[in-house]
Every structure is written in C-alpha cells, then in structure tokens.
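In what comes next, subunit A is part of two complexes: it sits with subunit B in the first one and with subunit C in the second one.
The block that comes next holds the complex of A and B.
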C-alpha cells in the first residue's frame, strides 16, 4: 500500500475539510468581525477599526472580568492539583483488585452532562439543600446560610467538572514510571517519603503540568458554573461573550471578547508547548 | 513500616473523600427526583414516581428527548464516517506534515466551546442561513471529531498489519481485505468512537446553547431553560433519566465487549 502516496490524503480529506470549513474559517470570521462596527439600529457595518477593543480596555470593568477569569482559573488549577494528586497516587500504588472499577468511577462524570453536574450543587448548597438542612437539624444554625451565588460555589462546580481531568493526567504519568526505580531507591536506603520526593514526584511532573494546562484552558472558557452557581459579581469572560452574543446581539463586541479570550489561551498554550510539549495532554483521553 | 502504613491509610481516606465530593451531588439529584413534594428538597417526604410520570406527559420534553437522540445518533454516524479513515491515515501511513495535521485535527479540544459556538453561529449568519438542526449536527461533528480520533487511533495501534498483508498475499483485493479483515478488527474501535460521540453530543450544553432554537432544543438546553425558574424535582428527574442513559450505555457496551473478547480467546 506504500506505493500509493495519495492514499492517506484521501482518507484524511473529509476530516480536514470539515475542520477547515467549520472551525478554521469560522474562527477567522470572528477575528474579522471584531473590527466591525455596530450601528445604533443593531446592524453590523463592515469596517476596520479598533473601537471594540478600545471599549474593552476603556475602563476597569471588562479588564476586571478578564483578571477574575485568570484568578478563578488559577484557583481551580491549584485546588484540582491538591485534590487530585493524592487519589492519582493511590491508584498508582494501590494493589486492590477493584482498581479498574475505581478508575472507571473517576471517568464516570465524563459521561454525565455538564449541566446536571453543575445544577446538582444547588441540591447540596441551596437554602433547602442538604448542607443547610443538616446544620439546622443538628441545631447549629436556625436560618439557612447563603451558600450559593458566590465564588466558593462556582469553584466547587468547576472542581467537580475538572478534577477527573487532573486525576487522569497525573495517573497516566505516574503509571509510566518504572516501579524498579522506586525499589532501587528504597534498597539504597531512601525512606518512603524520600523515594517519593526524589523519584516519583519529579517523574510525575509532565502529567501534573499537562493536567494544570487542561484545567486552566477549560476553566477559562466556561460560563455555566458562574451562570448557575455564581452571583452577579462572579461572571467570567465566557459569560460576557454569552451575554453580548445571545443577550444583546452585539456581534462585533462579542467577537472582540472572543478574540481576547482566544489570544490569552493561545499565549498560554504556545508558551507551554514551547517549553513542555503539548502531546502529553492527549494521552489521558486515550486511556478512556 | 508502621508509619508508612498509617500514611497509606490517610491516602486511602483522602481518596474516599474525593469520591464522596465527586458523587454526593449526583447521588442527591437521583434521590431527590423521587421526592413527591412540590418543592422537593431535603428532607424526603416519601417516595414516588410522580415527577417521572409528569415528565412522560410533557410534550416539549419528549420532543427535546427525541431531538437529542436523533442528533446524537447522526453525529455518531457522521463523525465516525469521517474520523475512522483519518485515524487510519495517521496510524498506518507516513506522509509529510503528519504531526501538524494531527495537531490541527485535535485543536477543537483546546478551543473553548464558547468561541466555537460564536464562530460557527457567526459564519452561518454571514451565509444568511437560519439556525437549524443541520447547524447543531455539523457543530457536534466538529466538537466530537478530536475525541473520536483519539479513541480510534489508540485502538488501531493495537491491530497488526500482518493480517491485512496475509489477506493480500492470498489474493484478496484492497476492498475485500478491508471488508473481510480490517473492518471486523476495527469494529470495536468504531463502536467505541460512536458511543463516545453519542454521549458527548447528547450531553453538550456550552456550545449547543448558541446553536439551539425554540424548535430545536436538546435535553440539556431544555434543562437550562427550566433552571431559569428554580431547581425542581422535575429537573432532578430529568437529570436522573439522562444520567441513567449516558452512563448505562457505555458501561453495558464495555461489559459486553469484555465478555465477547473473553469468549473469543
């Protein structure tokens, strides 16, 4: 089959056409549209001007939301790392017979709709939710605590959505470590903790950084948890895009915000790829 | 050694707590869907299928369900039709620009779905086409393509070239070889890809909210609309139906494939 050099191209043609037509060209459209004008009547006027970007950076309102997006994304990354590394390590070292089942459970949330996972927190944190109900039952509080519609609730929703990504990335990386290395370290006199710190931890860093990047990128582009679990002050940049495009139909400004979000992510992904390589990211998906 | 043991039990406890964190809200959705009360929350005031019956009588929800099923199935068919050949090209052939193209086809994973949603909608608007079922379909194909590529490629790597070469040596032409040898070996990978595509399409909300119309709602979009009022046992019931569907199908498929492969060897 090697003698027909056109063959792989024929196999690839439909996919490449689809991605070009439905992704590359539309994204270019966003960039073009972001320079257009919006007439007071609501019509879009083709133009080349930077008014939409000037509007974004005119005062602190929009840049504040951009900064909040970055801050919330970093918080989510840190919390996912803290909550995810230990379970991943547990899967790696555990010799339980149920390891496959436990790993399957971690992947289970991928199969459950994002909107259900997000709204499920209302049942826990709401005024009549599990938490308030339990606390009032015990008698610690008499009035329900306002646990919803703040940044904490948004973070819980985000972590629940993204934690499996982090755990899987770290686990895939840990699983690739030769266990003989650990035994060698132990037989040379390392304590368990030293062996972890000197051998396992450094070798798992590719998975850690891949997980961090994935969690950051996915958080920065999401609007559902702030919309459902957050209050008016918890909007992130994706909420802004949603409101401008679906709410006020301001396409040029919505496009400009999209370009700014895309630009932020491009800088981060480019820097990451430059120093660490992007291919690790895709490994965790192939485990499924 | 004793100290390590206690450290290990801490690790295990921590892992259990993480599981509780991940699953407690979902379990709450399922439990509360059986609460007969109007504003059903804790405490449970009995057990009933009241809200499920109400769902089954709600025409707009049934319509959304039908829509989601058709959309998911068509997405799965279409995306494997274009994705499996591409995966074969990446696994079986060497050609210039292979890595760059592979990255290009995987980029939809890294592009936020909001941007994808806006971009495709803008494009359709420029073409002066209305929002339609077709928009949802092509949008879902773009979203699911990278996942299907990854899953199918991973399985393809495990299929050995020699079987195909043997068939060719024995006189089969390329088409016969594909139909009689490659396709049957590939079938588990194709089914896995289709299943994955179906659930992603069935569950997607972020981009779909941009593309759906009042006439073309999917179940998650419908749930989003219902949430506008407040959470209700009806939403929990609908969520439970979705969880049952999107979780049981892949679990069942995994179980069956394991059984068959065990029976085969």
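The block that comes next holds the complex of A and C.
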C-alpha cells in the first residue's frame, strides 16, 4: 500500500468530485450572491456590500426568527432524546429474535413521503380531523379544539420526522456496549439502576450526542413542518429563506440569511465538538 | 463453602445443567472443565446470580443465596474479555466495588494501591484501560475483583483471550495470588492444561452432567469413564475381556488376541468386558530389530504410519494391525523414527487403566 500513495485518493475521487461540484461550488455561489444588490426593479446587481446583512440585523424581526429557530430546535432535541432513548434502550435489552423487524418498523415511515406524513397531521388534528371529531362525537367537547397551527403542532411534525434518527443513533451505540460490563458492575455491587448510570448511560453518550447534533441541524434547516402545521407566527429561519427566494425572488437577501444560518450551525458544531468533546469520548473506546 | 444441591437449569426445552450436587471447600481453587456448551459457564453464572436455577439450591457459607440479588452476593468476577469499564481510569475501575461498599475515600486509595501492587502493576492509576495490553488489562480485572475481598472468586475462561506465552505467565500469577489470598475460586475453562496445573479439584462436565470430581492426578491417571479419559490428554483405547485377576494384576485378552497385563485395583470379574486406556506419553518406542521384550511387559508391534513433529515431542501414529492404531507421544529421549519404520512400543502394567464397559444383555 505504501508505495502507491495515490491509491486512497483515487478511491476517494468520485465522492470528492461530487461533494465539490454539488456542495462546495453552490455554497460559494450563495456566499457571493449574499453580497449582491437588488434593484427596485427586481434585477440582481453584482456588488460587494453588506446591505443584506445589515437588513437582517436592522431590527428584532429577523433575529427573533433566528432565536425561535434555535429554541424550537433545542426543544425538538430534548423531546427526541427522551422519546428516543427509551425505545432504543428497549431494543437493546430485548432478547426477542425479531429485533431486525422492530428496527425495520422504525425505518418504515421513511418509505412514505415526508410531505404526505406532515400533511396527514391535518386530518388527525384539524378542526374536522379525527381527534376533534371523536371528542365531539362522544360529547367531551362541543367546539373543536385548536390543535393545529401552533408551536406544539410544529414540534409534533418535527418529532415524527426526526425521532428515527435519534433512536437509531442511540441504539447503535447501546448495541456496542459489552454486556459483560453490566454484569461486572452488578457483581461489584451495583443495583440494576446504578449499573445503568455507571456504565450504560456514559457509554451511550457518543450515540446520544451524535443523535442530538443530527436532530438539531436537521431541525434548524427544515421548513415543511412550520409551513404546513405552524401558524403565521411559527416561521423558522428556513421558511424565511424559502419566502425570500421562492416567494419574492430576492436571491441576495435569501442568500444572506442562508449564510447566517450556515454560520450559526458551524459555530454550534464547532462548540459542540470542542466543549462536549465528541472526539475525546471516541478516543477512550479505542482498542475495546 | 459453596454447595450445590440438586441444581438444575434448563432454557426452554434445552437442559443446560442436569441436577447437580457439588461441594467446594473453603480456600480451594476448583476448575469446571468441559467442552464448550457443557454447562460449566451456566453453573458459574448461577453462583454469580446472573442466571437463576430452574431447581435446587446454592449455599455460600451455609447461607442459601438463591434469592440474594447479584449485587449483594460479594463475589469477584473475572471475564474472558476483561470487561474493564473503558470510560473510567484504572483507579476508578479498581475502586468501583469499594465505592459501592461505602469504604471511606482515604481507605479506598490505600486498598487500590495495594491491589495494584499485588498484580504487579503499581502506578497505572491514571491510565485508561485501552492504554494497557491484554495481559495488563486482565491483571487490572483481577485487582478489581480481589480488592473487594470477595467470598468467592469466579473466573470465566480468564486466559482464553491471551496469547500462548502470556497465558502461561498469567496462569502462574493467578495461581500464586489465589494461594496467597486463600480465596475460594471457581475457574471455568475448556483448557485441560490450565485445569491440571492450577486446580485443587477438577470437575469434569459433559452435557450438563458431572463426569468426575477429583484432584488433577486422580482425574488424569484414574479417569472415571471414557469421556474423561478422552477429554484429558491423549489416550489410546483398546477393548477386551478380563481373563484372570491376581490381586491388583488383571490379565485382559484384547479383541486382537493379545494378552495385556494391567495393574488396576478393583473388583474385576473374569469374562467382564473392559476398555483399556493407555496414555500416549506412557509408551516407550524402539526399533523392532533392537527390541528385546522383557518378561511380563506389555508391548505392541507395528509400522509408523504418520508422525508430527511438535518441537518438544513427536506424535507417532502406529498401525498395529487389526485396524487398530496407537497414538504414541515420544519425548525424543531415544531416537527419531521415520514413517515406515517397524517399531515395538512397550508400556508398563501400571499405566494400563481399565474402564468397565456395559455388558450386552444375554438372552434369558
């Protein structure tokens, strides 16, 4: 292997080319666009100025949406973590022979279009949807409950989209834990719960942090659940970009918002890696 | 110390351990020896509380422990893959059991230090398990288990993951440590050499049933049945019938017609069907041309069919006619034979061990 140093590069070439052409270059375009001017006529004028960024931070409207995006993302992460760890742990401890089938069930929703899945909540939660209809039928309520078009509905849509990512990430790291470690902890004097706290939980953290990061990043960049299930006040940053670029064809401003979002996510990933020390956690497992 | 009374374990329909009685004495190192899947690990795990017996009772120091949960049994457990906590330092690994016994912090420090000295790894407190070699990790696991001063030390194939030379070293180390501490130890292995070299007592198990319990010499030299004779060491089996018994001397007419003299105390009846067990190492081989048969010594003649050179010794497979083959291990004190050499192999009477064979039912 050593006499052919080009060999790994040759193997990497197709993916590097794809990433470069389809990701790096378009991102560069976006960055360049974000400095352009937009004429009142609607034409884009090449320029180098920070007007678009100034506009974003001019008042509290746009940063407010950015803050809401962060808050909703954190809420989604927290809920997915709680709702995902439990089933992942169940799969890990379960001794059923049908583990593969259970895991397949977790993946099953991915076979249905994300839009359809999001839209289907309208049939369940809407004023004439399943839930309200049933409650009115048995006479618990007389007026339909306003279940849709609020932040709760958005979170619901986000969770049903992102939960499988969390479950699978946590499950994979749980599955990597040697069960002898638990038995060793038990034989040394731990109760079941103490063994979980001392061994299972810390050793599943790499999966937990990977799952959290993935859910956060995906939430921060999504626009469908807020668009379909959220009310007028529930826009997230990606909705803003969508409206600027698709709605008003304002590419320069849309690009600037995109760059801001990208910057935010980079800062978060960097901080995460640095202070939660993902690489440090991984290091401690080498050789085991 | 540890007593099994009618212990049985089945998984669904599969019987892992048949009803078993076994006594393990205080301070002894007892080996559970058998092929994989024979139930030896299940037996160990039932002592640990990691498996629940289907039937029967287990006592430690006369206290029935069936219903004592794992964490209250005060046992030290050693696993084949070390099972050190990868996210904790060596110090925290060894201190783990003490922490859950509410030992004061200063005392823990002293105890951990002494335990690490006992396994000859002082000063590694701040390392992570992954920074140590396999042998070192198993020593830390040993320190972690003995530091809590367990009533019983349970070892589940602790040497299997180590390579040959290291295994020998660790074996002696465990043996030494066990004798210094005097801790009752149950050692599970499928390696007969480990069992023979370390044990006060060997328990040979096959398919969940104890075949023989005894000290290493008894189990090796006086195997209770065919399985034990076959599992430990390299044995030759020849069938025959007792012709005559004079005190301890038993004359056996082999199926090949040869008359074999065996020294084996016991109530052997003339006409009884027996199987003669001869260890491959007990033979002495000579070129047939050079051999002068001594009076009253057993010897076989045959042609070397195959041989394999093992460094310290040579394995010969000798065709002695009647479709029988002898496996002879020579320590090469005499000469090195070639395939095709015609040889005489002799074996002393006291090395011929008899096993009773079941009689076929005679028609009434």
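The working rule: the second predicted complex is superposed on the first by the 257 of 288 C-alpha atoms of A that agree within 3 Å, B and C clash if a C-alpha of one lies under 4 Å from a C-alpha of the other, contacts with A are read in each partner's own complex, and residues count from 1 in each chain.
Following the convention adopted for this analysis, a contact is a pair of C-beta atoms (placed from the backbone, for glycine too) under 8 Å apart; a residue touches a chain by one contact, two chains touch by 3 or more.
Just so we're clear, the structure is a prediction, and the values are computed from it rather than from any experiment.
Participant: Would you sort A:202 into first (subunit B), second (subunit C), both or neither based on which partner it touches?
Facilitator: Only subunit C is touched by A:202; subunit B is not.
Participant: If we overlay the two complexes on their shared chain A, which of subunit B and subunit C does A:142 touch? Say first, second, both or neither.
Facilitator: The answer is neither, since A:142 touches no partner chain.
Participant: Figure out whether A:11 sits in contact with subunit B (first) or subunit C (second), or with both, or with neither.
Facilitator: first
Participant: Is A:123 touching the first partner subunit B, the second partner subunit C, both, or neither of them?
Facilitator: first
Participant: More subunit A residues touched by subunit B or by subunit C?
Facilitator: Per-residue touch count on subunit A favours B.
Participant: Identify the partner contact of A:187: answer first if only subunit B is touched, second if only subunit C is, both if each is, neither if none is.
Facilitator: It touches subunit C, and subunit B stays clear.
Participant: Which of the two partners, first being subunit B and second being subunit C, lies in contact with A:220: first, second, both, or neither?
Facilitator: first
Participant: Do subunit B and subunit C touch any of the same residues on subunit A, and if so, which?
Facilitator: 281, 285-286, 288
Participant: Can you name the residues of subunit C that touch subunit A in the complex?
Facilitator: Of all residues in subunit C, those touching subunit A are 48-50, 69-73, 75-77, 79, 81, 83-87, 96-97, 100-101, 128-130, 144, 148, 154.
Participant: Using the touch definition from the top, list the residues of subunit A that touch subunit B in their complex.
Facilitator: On the subunit A side, the touching residues are 1, 5, 7-12, 14-16, 18-19, 22-23, 25-27, 29-30, 33, 83-84, 86-87, 89-90, 93-94, 104-106, 108-109, 111-117, 119-124, 126, 128-130, 133-134, 159-160, 163-164, 192, 217-218, 220-224, 228, 238, 241-242, 245-246, 251, 254-255, 258, 261-262, 265, 269, 278, 281-282, 285-286, 288.
Participant: Provide the residue numbers of subunit B that touch subunit A in the complex, in ascending order.
Facilitator: By the definition above, subunit B touches subunit A via 4, 7-8, 11-12, 14-15, 18-19, 21-26, 28-29, 32, 39, 41-43, 81-83, 85-86, 88-89, 92-93, 95, 101, 103-116, 118-123, 125-126, 138-139, 141-142, 145, 147, 149-151, 153-154, 174, 196, 199, 202-206, 209-210, 219-220, 223-224, 227, 231, 235-236, 239, 242-243, 246-247, 250-251, 254.
Participant: For subunit A, which residues are in contact with subunit C within the complex?
Facilitator: Counting only subunit A, the residues touching subunit C are 178, 180-181, 183-191, 194, 198-199, 202-203, 281, 284-288.
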